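Step one of this worksheet: look at the structure below.
Just so it is clear, A, B and C label the chains in written order, and each chain counts residues from 1 on its own.
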Amino acid sequence: MAATLTPAAELSPAGKKPGFEVRLANFTGPFDLLLGLISKHQLDITEVALATVTDEFIKYIKGLQQLGEDWALDEASEFLVIAATLLDLKAARLLPAGEVEDDEDIALLEARDLLFARLLQYKAFKQVAGLLGSTLELEARRYPRQVALEEHFAALLPELVWKHTPEQFAALAETALKPREAAPAEVGLAHLHGSPVSVKEQAEIIGLRLRLGKALTFRALIADAESTLVVVARFLALLEMYRDKAVGFDQLQPLGELSVHWTADSADWTTANLSEEYEEQP
Amino acid sequence: MTDTAPDTADTAGPDLDALPGGPRAALEAVLMVIDEPATATELAAGLNLTVDAVEDLLDELQREYNGYTGNAPDAETAPRGFELRNIAGGWRIYSRAEFADIVGKFVLEGQTARLTQAALETLAVIAYRQPVSRARVSAIRGVNVDSVVRTLTQRGLIEDSGHDPESGAILYRTTSYFLERMGIGSVAELPQLSPHLPGLEGIAEYYDAGRM
Amino acid sequence: MTDTAPDTADTAGPDLDALPGGPRAALEAVLMVIDEPATATELAAGLNLTVDAVEDLLDELQREYNGYTGNAPDAETAPRGFELRNIAGGWRIYSRAEFADIVGKFVLEGQTARLTQAALETLAVIAYRQPVSRARVSAIRGVNVDSVVRTLTQRGLIEDSGHDPESGAILYRTTSYFLERMGIGSVAELPQLSPHLPGLEGIAEYYDAGRM
């Protein structure tokens, strides 16, 4: 669990975009990178020696992060999801080999299967893309006959019906030249599994506990969280509440226990104050 | 055999058989002026011949340009510099691939720059999963594909094919220009994807089922 | 006799004799796809043959298309549906004149007197941003405009105005026929567009960002 927290926490604070630039390095995506690493170590995809590949994958991402370019959240999150899954799997392998015991083990196996399935699917498309590329190249060696219509035939064409005034024509040009509204960028959420967790709901829960007056540690606030997603949601909720000055933080030393308390002047704070970005639920 | 008689025999115009070279040459003459693939049906309508007759003539011309002549098997075995191909549902004349280097010196336009790896991968996913949304393509590739999709659209290789009834996302499909560039008649002729997914027949469905 | 030896024998490329159909087929391949007539000298340079050799081949092809073959005088006497013509010094393949009625009927089939919306918008972009390449127009319109540009050229509304010095791409501009149809004296008389629209420089930023 600890392993997944690292990348997730990196991503979440204030929704800031991590600075990745991956295309620089000849890889067109996380699967491409992973495949590259696997083939470099001559490993069978389904029996990946995860430790080696995971370390390199993470190292690679860190290297990219240091390059500092802005990068689409969507792409960065794909890398993080895969890095997190790899880390999980690596952690599992470090444990003594044993039977599948609880739900967490099963979830881990499912995550692994899903990752392998996606990796294999990507590999298939990559190979087929290579075939398309060579076919397109081969076919480009054939030039179609595509000559202008001989003049005596062109002369047979019916006289053009033209009804546009210069003003109408200019209006047409305005429309045609106006930069098109770029189709809204779609942020893929497909890699997110599990039921949606509402930041608002979690803020409500935290609020109820803190209003009792006693300061609580972050650890205590997330003690009953049933999934990482809830932890993340509560963390986001706290950030929001801190921004609204509804809560205060105390931390005695770096990496020490984080303590959260309700502030005196926030009696009238409600979750309605939460910023809108968390209100839309998928 | 659907030996349909032309429905407008009266508007027939010149008697093809009376012209030098007959129907075969008439068909060739038409092939000289088309600037996109023409179907046998379109050619038949224009020539006032039956579709069957035109298809026979097209086959004959194709073989002849490739160097096989029924009439004079020995005399004319050298292939011509051009070929007749049936692509994207239509027939069209192309220069023979062997002469690409020479022809390329004379024809500058039309040969577009090569696609990048990212563009090819995106094109492949769209070709095999069409109609498909950008989100779906990006899920398979693991990266955002918005700008690559824009480039492929500009190149005329893919097009908008309406909206997904559920999510409202724009769906993309390949165009007939894509088929032309690939030299195939339909997407069904693309190489099979399954051999590249060894032992994973079930997984694709499992994987697809849970997604958008 | 200008028996000029090719000046670049070392850049010869493929050995024509080794290719199927030899130099004759190579010449045919070029003639079949060129849009503008080419002179024997240009053809000789591109094929790396002497002008004499090319002239001999051109004669041979012309006779052959007309139905006379040196090799098999009886087997193949039917003329082809196309002919090789020398117009003002340049050679090109045309559909055979005898079939003009049939070809004309075919060409007219499905032609409308109206421009499609896509054609009108493309024309508007060219009119306001001329001289402009097809790639640029495609970038602005977001779709491939090759066939629309061909239609507009065929309709005499736009024309080739030379090559882009950098990319070598053909640039297009509107014609005097266009001005005539618009009822204006020059392009400068077109109504001003809103100053906020991206000019050509702006377009590069707006639209090329996503290109590979």
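As a convention for this text, a residue touches a chain if its C-beta (ideal position, glycine included) is under 8 Å from a C-beta of that chain, and two chains touch if they have at least 3 such contacts.
All figures in this text were calculated on a predicted structure; none of them were measured in a lab.
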item	value
Pair sharing more residue contacts (C-beta pairs) when A-C is set against A-B	A-B
Central chain (distance from its CA mean to the mean of all protein CA atoms)	B
Chain whose Cα centroid lies at the greatest distance from that of chain C	A
Geometric centre distance via CA averages, chain C-chain B, whole Å	21
Euclidean distance of C-alpha centroids - chain A vs chain C, Å	48
Averaged-CA centre spacing for the pair chain B and chain A, given as whole angstrom	38
Junction residues of chain B, two or more chains touched	31-33, 35-36, 82, 93-96, 103, 107, 110, 115, 118, 146
Set of chain A residues in contact with two or more other chains	143-147, 149-150, 153
Residues of chain B that touch chain C when the two form their complex	13-14, 16, 19-22, 24-33, 35-36, 42-43, 45-47, 67, 69, 71-72, 75-76, 78-82, 93-96, 98-99, 101-103, 105-110, 115-116, 118-119, 146-148, 150-151, 153-156, 159, 175, 177
Chain A residues within the chain C interface of the complex	143-150, 152-154, 156-162, 164, 166-167, 169-170, 172-180
Residues of chain A that touch chain B when the two form their complex	22-23, 28-32, 72, 74-75, 78-79, 82, 114, 117-118, 120-133, 135-147, 149-150, 153, 182-183, 185-188, 190-191, 193
Of all residues in chain B, those that touch chain A in their complex	31-33, 35-36, 82-83, 85, 92-97, 100, 103-104, 107, 110-111, 114-115, 117-118, 120-121, 123-125, 127-128, 133-136, 138-144, 146, 169-170, 180-183, 190-191, 193, 196-198, 200, 203-204, 206-207, 210-212
